[in-house]
Each structure stands twice: as structure tokens, then as C-alpha cells.
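I'd like to ask some things about the structure below.
Chain lettering (A, B, C, D and E) follows the sequence in which the chains are written, and residue indices restart at 1 in each chain.
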Amino acid sequence: TGCSGSSGESSDTIKIGANLELTGNSASYGTSAKNGIEMAVKEINDAGGLLGKKIEVSYADNRSEATEAANAMQKLLDDQVDFIVGPDTSSGALACVATADQEKIPMISPFGTNPDITVDPATHNVRPYVFRAAFIDTFQGKAMADFVADTLKAKKVAVYVDNSSDYSKGLQKFFEEEFGKKGGSIVATEAYLQKDTDFKAALTKIKAANPDVIYVPGYYQEVGMIIKQAREMGMTQPIVGGDGWDSTKLAEIAGAANLVDCYFSNHYSSDDTSEVVQNFVSNYQKAYGQKPDAPAAVAYDSMMILAQAIKDANSTDKDTVKAALEKISGFNAVSGKISFNEFHDPVKSAVVLSFKDGKQIFVTKVEP
Amino acid sequence: MEGTLWLQFVQQLINGISLGSIYALIALGYTMVYGIMKLINFAHGDIYMIGSYVGFFAITAMGLPFVPAILAAMVMTGILGMVVERLAYKPLRHSPKIAILTTAIGVSLFLEYTTMLALSPQPRTFPHVLDNSVYHIGGLVISFQQIVIFLISVVLMLILTYVVNYTKMGKAMRAVSYDPDAAQLMGINVDKTISFTFCIGSSLAGAAGVLVGIYYNSIEPLMGIMPGMKAFVAAVLGGIGIIPGAMTGGIILGVVEAMVSGFISSTFRDAAAFAILIIILLIKPTGLFGKNEREKV
Amino acid sequence: MSLLELKDINVYYGAIHALKGISLNVEEGQVVSLIGANGAGKTTTLRTISGLLRSKTGSISFMGKELRHESAESIVRLGISHCPEGRRVFADMSVKENLEMGAFTRKDKKEISQTMDMIYDHFPRLKERMNQMAGTLSGGEQQMLAMGRALMSKPKLLLLDEPSMGLAPILVKEIFNMVQEIHNMGTTVLLVEQNARMALAISDYAYVLETGHISLEGEAKSLAESEEVRKVYLGG
Amino acid sequence: MDPLLKTNNVSISFGGIKAVQDFNIVLNRGELVGLIGPNGAGKTTAFNLLTGVYQPTTGTIEFDGVDVTGMKPYKITQHGIARTFQNIRLFGNLTVLDNVKIACNYLVNYSLAEAILRVGRYGKEEERIEREAIELLRLFKLDDKKDELASNLPYGLQRHLEIARALAARPKLLLLDEPAAGMNPQETLDLMHLIEEIRKRFELTILLIEHDMSLVMGICERLYVLEFGKILAQGIPQEIKSNADVIRAYLGEEV
Amino acid sequence: MAERIVSSFWRLNISLICLNVMLASSLNLINGVTGQFSLGHAGFMAVGAYVSAVCTVFLHLPFVVSLIGGAAAAGLLGFLVGVPTLRLQGDYLAIATLGMGEIIRICILNIQQVGGASGMSGIPRDTTFPWLFFCMVVTLFVLKNIIHSKQGRACLAVRENAIAAEAMGIDTTAFKVFAFTIASMFAGLAGALFSHYFGIAHPSSFTFMRSFDIMTMVVLGGLGSLSGSVIGAFILTLIAAVMQSYPEYRMIVYALLLIILMLYRPNGILGNKELAELMLSKWKKGGRGDGPVAENK
């Protein structure tokens, strides 16, 4: 439709569409994200809303699948939402980006890490209406490679990657690149799939390769079992990973004792003393009875960034808000101080965390 | 180098057998229901999931130890199996098989998403209820739980084989599977027999759910899909409906997966598992233990 | 009181009205034949008695007990055994197992094996093929097995649906001899047959079924002589 | 003498059971021959060997000058042998008409492209086989039931339809496996006339398995008697009737 | 313009209906008409989706050529897969085809050139509604004409009784492969349209769950009924769309509806009849056209 005039202008609510993985394989991330968004919205509305208007969220389920994500996107457009948050998975986000640009509706993918989400690979043009809140794989992979090479002083690394997740494969790629540059070598590359439960075979192979460190850029559910099984098999090397590890479940699944010498890169540390983080963690725990995980945090941030942009724009006009989003800089989010670069990707610091008695402890901070 | 390769091979064999006995554990119930009903009960994997949740709550909320928890799970899933059969499959007994299969898919989705709605999609972790010591023997690693699971699946296989082949109920089950009408004329209560079959098959799945839940220490509402599928593959591999076949199929599948992961590439693990299945079926179209029966003309 | 008494039985297959108000009696100790053309409803009658089909109306009483709402399986326990049309042996069970299935409702192992020996005496072929899968038996062999299996429950009333179908002449004679022998042992028999001549020869009483109702009945001998029956069912 | 079918020492065994041994028969063009024998003698198995359902362990089958041993069933049918089945095997959920049409499938001449685009020979050929199928059905008095599902036909008519379907394949040799099973004497008599008629009209050679002696003795010109997979006797019906071996093994004493 | 009348959401869902109609009706040729039980349709769809995407993205071929390329590749693969596997029967065939579909997907997952796990993005969005509609009509037209030809009758004969079909001069193997190839081709065409509609091709779109979905549409509509497949695709796509607003209950309601519909119409909505036949018989008899009688063993 040619008329991009905002329907929200006249109404007394701002409608946000959340396109999330509420069912299907990635449902646990989608529901965390939903919690994060709900919490952000509640905070905003309790504080009087935005521009004097309340925020209202329509949720749409994309069954963790690309087609359905496109379908959910259309559903939200049909509901006349003003802005889109989601989808979480890269594949879901990729299925929506063209529509966002076409309909000129700003969209923030909280957790989509694939570079193509914000930059059209065919034309190398930035997609004008698409943003993301998570770091892209480059930064995190690089940060961890540096940590492994410099702090852990490792020369030989085995990579155990989630073959069904482009997030994991993205981290793997950039980790390997950077680690190679640092003069390290990758002695084994193994892969698993989401929902796998038995990792012993690949671990046996990794064990035989005798690496100094094992890099497992996956999600906590599988990673927990991987760490547990690796330790049971007598593998004592440090095991490191990315923000997908961030959940209290990790310690439960892996067992606190097994988490010795495990490190991961993250957006924030839940024992970061900053007020934003502390408030977020305690409020989240109050509301949902569990500690927030990474998808919850970045979804919360996405909503907050969007709110900030609306505030900055002092309007709900889509183009104005989009322009305001581009100017976001130094925004104090749970997942760090966020600025958008020219590719609509957030520039923020990363932290490296470790565990003590199953609790995350802060190790170091990596600036971009 | 020779030595370590050999060691690796044996370790992978152990890994494979341990993984395979889990497939076998689920496949036993699968094959049993199939053997009698000729129905691929796609909800079987989800009953396994429910079993692990029942076990989880029995242990965490009610504080039951391992054995009572597993029994509780078996009872509950046994009942669930019978209820599902009664409500969703029985009315379709005289319909085309593929109709029941479709309903089974519906039941499967229903169980998955009701659980997800009720208990959230987040994974849960089992408390420590079963000894999880690990033995390191000359470079090989094996855990107590692996041994338990293997032994339980072997014992269950033996019991089931005996029940189906030598007890009156077992014979009734077989008769019903060939010709329900004729079975009725023998004085067999077809409804009861089928209910019983579902009860046994489902409670096996329930037991497997608890064991596997404890072993991997993580359960979630969609955990039944892949093992269900693999167990189904295992059952077919061995000759669907044949109890020792399910066991063998499970072990073969597990070992193939371990060997492919260990010596080829873990990326092609599942593809290799399916490829083995297809190759075996092409050589023996009714599975390893399946009788190559031809319809008499 | 008759052993079996059917009153006003109406059976439908969906829209098809297969039995239209049938009433018949089987006296204890008799052999009663049911003859009629293809599709007349003979099989349907037997299936209704044994509980595989339900009548919409009327009553079926066996030894004074109403069967119309009993399940097929409990009817077997009451002493009615049905040897179905088309053999219906359990294809993937051995001959022996099939016979054992026939005795499903019986407990006494010794008696069961006696009955089995009796059946093996009559059908030595079955004894020979004791361990062969029933599905691979020839048509005739399967028919013997089905009969044998029905007898394994030691029924008071045996329902036989075309037991001679597909059998060699020598076996047809054997089957009819056997029916008579069963009868002599005190079992009442309700026999459905295309081979009306032989059926009538061994029966006490007979009913002729025509498209869902009984068109004729009477003493078997007198029916065999009746002009109508001769023409249509005995081949002139 | 012009033999249409000739078998040389055909044998097959299943596991330990020698179902058919050294089966040697000769059928001359236009003959109507019966194949009888006790249950389990191997008659149906012999049919299965002739039609390629089973491959003989040894021996050869020569049909119409061609060695058809080891051919797939559909090839053999296309060479001119059609059959009926002891256990009726109709296409139950298809109409009576379609059952017959399917049998002449290989005689229909149009390509897939013509069928998809509905051009060329498609219309003409469809019309032709429809006409021919209905003609056949008329012969069997089934033309008024042509749109009914085959499985809804009464048993007797199903047997007729099987024969009609076999004829639609335009065979030179027709194999009938117990066509009169389950029929009463009157129906058997009618069937006898029908067989005579189709034999004349289609210039068929017929080999027929049957346990109903009124039919066998009534229309067969020659008989083969099988016992334990071997040919026990052969000859004209009169000879067979009084053959002591056949009486012992098959017919039994006259009551 | 259509865009004014129909909202974009419904436009998308109408497009999805077209795609699903193509998928369901082609699968019906295998499962319904030929009576072979295939569960690998998603795999062939994936082949079409990826091959066509490679054609447009890497080879810069025109859209039409890519469509044909995708369909042809899927058809060819269907042929190659069909020749060995179609010797299998019933559930064995089902699991083998399911395995085939998964192997295809895992292979794609491991081909980095087409994006591997990230999927392939940047595919030109050339599929417009007229294209979809046109292809759907072509699919239905071709399938209908095949079914009503001697080839179609041969397939039906294979379904009804393979032994009798063989005895009637029909090369059953050839016709099974024929049906499989044609159906794979149309699945490939649907896949090609699919990837050019969404602009991406992702392995997660072609899991066995999608094969199940397609099978469900076929069964719900009525096995062997082309109009049934259309209705099945229509209804299930619609249910999914309507339930979009209730994400939590969505899958539960979908599952329940599926079960209830199957219980209510075990032979599918249209049975094995075509819509036109049913309407005609209703009009003629003035009564309801009875579904097929339940099979009486």
C-alpha cells in the first residue's frame, strides 16, 4: 500500500507486533522473549506510557519456521501494528525483512544474528527498516577467540557446533577466523543438531584429538548436556561458548561441579552491578520465577530501544521512528551500552563469564 | 596410534550400545503396539515425554525415590495410553490405517502443546536420584546409568517376548492383530486386549521417559519427537512388530550413529542412520527379523 | 424350549436391509440347515447370532438367555462357536496355535489336548502340518483348520458357514461325516450350505432363505422332496 | 496338433514342501481342460507358475511358441494368458466398468502426453475401450451394474466379473481357479453355459480348476489330476471317474 | 486492485493455500491414487526450492526456467529414489521415504554453498499470485487428466490389488515409479514457487513435520479424491491462519480439530469421491451421497 501514514497517530495506543517462536523447536527462546517484551511493556506503561499513549502488544506465533514467520508478519500487519519486534531466529527474521522494507515498518529482531538480516546480500545495501539487538556473530566470535588465545593461552581448539542453527555456525565461522589469525589451530570440528541428547560419540572423537579448549557455541540446553557428558568422560579442558549459554538451566543440566573451567561470552552479566541489569534480573525473577536468559534480555532491550526511539522521535510515525532508531547511541540496555552502526547492528561491549558453584561470575569485559 | 584407534573404536561401541539401548527402550513399546494394531502410534514419543514429566514431578514434588517414581510414571502413562486409544483410535478401528495415523499425529501434537502450555517450554532438570558414578577402565569410560539402561532394556525385551509368544494374553494379542473378528469368535475380548496392549506399550514408554530423563538430566515438551522418530526407525530396522527386532534395531542404530560420528563425521550422523535403514530395507524389505512373507495367491 | 430361538431379526449394512424380520428355531441335538442363493443373508444370520452384527429389533435367545446385547466374546463363552465363511484362520500362527486359539475360553489343559487329538484324527493333514503357518495352507487345508478350531471350544451349538466350500469331493464327504459325528456327540449344529443336497441329507430341519427372509421351512426330508427346492437349490 | 501351452518338468518348492513337481502338461488350441486334485495338491501353485507369480525352481514353460519362463506376470498376461483367482481379487473400490477397463489397459494406444492434454488418440481410444468393456459386461449380464463398486456386488457376480475382467485382457489362454466355489447347483449350471459360450465366442483355450464334479465332468474335454504336486492321472472325464487312484485320492467312494 | 480488497495477510494465506493444494494433490497421486505410503514429500519440495534458487541466484536464469529446473530436478530425484524404494510396502515404504526426505534435508544442511543451516536468502521474490494460481491450475489439470487416463487407472489398480493388477498386464513397479516421479515433480514445482515467494529457502521449512502436514491434508480431504485434497489443503491452511491470533492455543486447537475431523469423517471429507460426483449424486437422489462403506475384511 502506498500510504504509509501511521494509523497509530490518531489512536491512543501504540501497537507493537511481536513475531515470536512460541511453538516449535525454538519455543523455549520465543517464550523467554515474550516474557522479556511483556516485562518491558509493563514497565513502560506503568511509567505512564509513551507520548501519553499506552503500548499494546499483539503476539503472533511463527512455529520456529520461516514460512510461518512470514505468515505471522502479515498477520501483524493486518492487525495494523506500528512496529515489529521479532523474529528471534535468523531464518525467521530473514523471511520477514523484505516485507518490513516493503511496508516501511520498523522491525527489530532481538536475537537474529545472521549478517544478511540487516544487509541485503545481493545488493549490499542496508535494509532501511530492519534493526537487531543482538551482537552479530563477528564480534562475539572474535571476542571469544581473543579470550581463548590470550587469556586461556590455548593453541589447539576443538569446535563443537550446532549444525541446525545459523547462530552457532556464525559464531563458529568468526571464531575460527580470528583464532586462526592468532596462530591457533582447530584440531577437530564436530557438529550436533538441536534436540540431540547424546553427544558421547563426537566427544570421544574430540577427546582423541586432545585439544586445549573446546568451543561450543550453542544453546544452553544442548550445551548443558555436552558439558556434563564431556566431564563424565574425563575431559577436563576448559569449555567455552557464546551468549546462547546464558540461562540458569545450564548449571542445572550440566551440574554445578561440571561447570568448572567453563567460560562464555555474553551481553551482560546478571551480577553486573549496573542498575539496569539488577532491576531487570530481580524484576524478571519476581515475575516469572526464574532468572532471565539471553533471549529474554535482548527481547527486553529491543522493546526498550524501540521505546527510546519513539521518545526521541516524539512521534509514532514509522519513518521518523526509523530515523530515530538509526541515531540511537550509548543506550543503556541490559545487554550493554548500545549504539547502532551504519549497518543497523548494535555496537556494544561483551563480557566473558565463568561459573562458581553453578553461579555465573564476571571474568572480563571486551570492548568492541 | 593403532592402540588409541582401537580404544576409540571400543569406546564408540560402548557409546553406541548405550545410545541404542535407549532407542530400544522406546522402540519396544512402539513395536508392541504396532505388532498388535498395525498402527504407527506417532504419539508414542510424546507418551514417553509425559512419562518423564510424571517421573519428574513424582521425584521433585512428591519426593519419591527412583523406583516408586518410575512405577508412578508407568502407571500414569499406561492409563494415558489406554485413554488415548479409547478416545482417539478405537472409533477408527475399521477405518483406513492412514486415518488412524493422521489422528495419531493429532494426538501427538495435542500432547506436546498441552504440556507446553501447562508446563512451559523451558527444559527442566531431574534431581539426583540414581547413582551416576562413572567407571574409567583402561581408558574406556562407562557409567552406571548406561549399564542400568542397557540391562533394563534387555530384561524388558525378554519379558515382552515371553508375554507375547507364550502367555494366553500374548496369544490373544497376536490373534487380534491378524483378524479381530475371528479373534472375537474365539472368545477374545478385542477391546480389552487392545487396551492392554496400549497400556503395556505406553507404560514402557513411561519407564523409558524417566530413565532417559535421569540419564540426560533434561526434559522438555518436545523431547519425544526425535527419539520417537529414531525408535520408530529402530523398530522398522529390526522388523516392525517383532520384539527382539526392536532391540536389535535400536542397538544397530545407536552403534551406526556412534561410529559415523566417531570415524566419519558427526554432521552426517542422522543421514547415515537413515541411509542404513534404507539399505537394510532394500536388502530385507521387512526389516532384519521380518519374515519375508509373500501374500499367498 | 428351543436351544436357539431367533425372533423378528432385522439387520442392516448401512442402508442395505439384509435381514428382514427373520425368525427361526434350533432345537437341542438337531442339525438345522440354512440354504439359499448367494446374498440371501445366510452369513448375515450367523454373524448376528454370534454377536458380530446387531439386530435392530427382536430377540435371540440361547438356552433361555437373551443374546442380542451380548458381546461376541461372551457368546462364545456361553457355548456358541462360529466357523466363519472364508476360513479366517490366523495366517501368521501355526496350525497348532490356531487350534489352541479355538480353546481360548477353556481352562483344562488335558481336555483341550484330547479335543485336539480328536481333530487330528479326523484331519491327519492338519497333524502333518502342525507347525506350518496357517496362511500358507491350501484353501482346503485352511477350511479343515477353521472347522477344527471352531470345535476346540467344545461348543453346545456350532454355527458352520459353508464348511464344504472349496473342498475336494472326498473331503466334502469327510466334512459332512464330521458334522454328523459332531452331532452324534451331542453338539447342535446350524449349518449354512450351498451344497443343499448333502446338507439336507444330514439335517433334521431346514430353512430356505430368500433375499433376507425365510421363504420355506420344514423337515429336511420333506424339503428335499419339495418341487420348489429341487428346482432352485438342488439343480433340477 | 498345435499345442498352445507346453510345460517341461516345472517344479517349485516352498521351504521343504515340494508344492509342484515335474509338472508336464500340454494344452492344444481351443481345448477346455480341467485340473483337479485334492486340496493342497498344487493346483493353484501351478496356475501361479504359469502366470509368473512364482518362478519355477526348475523347468520351462512354453506358450504360443515363446518361452515365458521367468517372465514377470504382466508380461505373461500381455503374451495372452489371463486368469481368475481362487480368493477373489477384484479392484474393490473401483466400479465394475473400471475393473474391466483396467484389464485392457495394455491394449489402449495413447501416450501420456495425449492423455494429459486430451488430444490425439485419447478420446477415440477411451471411447473404444468403454464400448468394448460394456459389451463384455453385457455378456455377463453386468452391464446394468457397471457403475457400482465391485466390492458391493454379491459374491456370485463378483466371480462373473473376475472372468469378464480376465477376458478383457484378450487372452488366448484363460485360467479359471474354482469359478464355481460358493455357488449352488443352479448357479453352477448357469456358469457352465457361460463358460461354453465365452469359449466359443472368444476362441479360447481354457484350463480350469474346480472341485465341483458336475461342472468338471460336464464341460471338460480332458482332465489332469494332481496329487502331492505330481500328475497322478490324465485322460478324458470318463476314464478319470473310474480311475482307482483318483477315487482313492480325490473322489472318494460313491455314497 | 486485489490488494485493496484482500488484506496482505489473507493474500499470503491464499498463496499458501495454492502451494498446499499443489503439494497435497500431488502427494495424493502417490498416497491416494496409487496406494503407496510416502512420507517424504517435503524432501522433494526442498529439492525444488533449492535447485530453482540456485538457478536464479547463481546461474541468473529466468524465473520460468528456474521453476522448470526445480520441478525437473525433484522429478528426477523422485525417479531415482523411487526405483529402488518402491519395492517396499506399506509402513516400510513410509519410513524409507521419510528417511529419504531427511537425508535430502541433512545434505542441504551440509552444503555451505547454499547457506547450510542459515538457509539461502536473497532469492528474488518472483512468485506472484498469478504465477501461483496458474501453477496450481496446471497441477490440478495435469493430475486430473492423468487420473482419468489409462495411466491413472493403472495406478488405481496398483492401489486396489497389486497382484491382480499384475495379472491384468500392468507393470506395477513401473506405475508406482511413474506416480512417484510425477508427484515429486509437482512437489518440486511447489518448492520452487515457495522459495521464490518468501525469498529464502531454509532447511527448517522442509522437515518431516511438513511431510506430515501435507499427508494430513490429503487424508483429511479424502484419499484418492483430487477435490478432497484441495479442500483438505484449504481447511488446514485456514485453520492455521485463523488460529494465528491465539498463539498459545494454536497448536492445541489445531490438533483437536484434526482429531475430531478424523473421528467424524474417517475416510476424509469427500471419501474417495470427487466433489462433482457427490453433488451430482445428491442432486440425482435428492439424498446424501453415502461415503464409501467401511472396508469389510
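Following the convention adopted for this analysis, contacts are C-beta pairs under 8 Å (C-beta built on N, C-alpha and C of every residue); 3 or more make two chains touch, one makes a residue touch a chain.
Remember, it's a predicted structure, so these values are computed and weren't measured experimentally.
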Topological distance between chain B and chain E, in contact steps: 1
Most distant chain from chain E, judged by the mean position of its C-alpha atoms: C
Approximate Å spacing (C-alpha centroids) for the pair chain A, chain C: 74
Computed distance of Cα centres, chain E from chain C, in Å: 49
CA centroid of chain D to CA centroid of chain E, Å: 40
Multi-chain contact residues (two or more partners), chain A: 23, 25, 163
Junction residues of chain B - those touching two or more other chains: 113, 116, 179, 181, 267, 270, 297
Contacts with two or more other chains, residues of chain C listed in rising order: 136
Residue ranges of chain A touching chain B (in the complex, touch as defined): 23-25, 27-28, 30-32, 163, 190-193, 195-198, 200-202, 204-205, 208, 221, 224-225, 228, 232-234, 249, 252-253, 255, 290
Chain D - residues contacting chain E, complex: 51, 53, 72-74, 77-78, 82-83, 85, 89-94, 98, 101-103, 105-106, 108, 110, 112, 115-118, 122, 125-126, 149, 151-152, 165-166, 168-169
Sites on chain E touched by chain A in the complex: 3, 7-13, 16, 57, 109-110, 115-119, 121-122, 125, 194, 198-200, 202-205, 240-241, 244-245, 247-248, 250-251
Parts of chain B lying in touch with chain A, wherever the complex brings them together: 4, 8, 11-12, 15-16, 18-19, 22, 113, 116, 120-123, 125, 132, 134, 136, 141, 143, 212, 216-218, 220-223, 225-227, 257-263, 265-267, 269-270
Interface residues, chain A side, partner chain E - complex: 1, 20, 22-23, 25, 58-61, 63-67, 70-72, 74-75, 77-78, 90-91, 94-95, 98, 103, 114, 116, 120-122, 162-166, 168-170
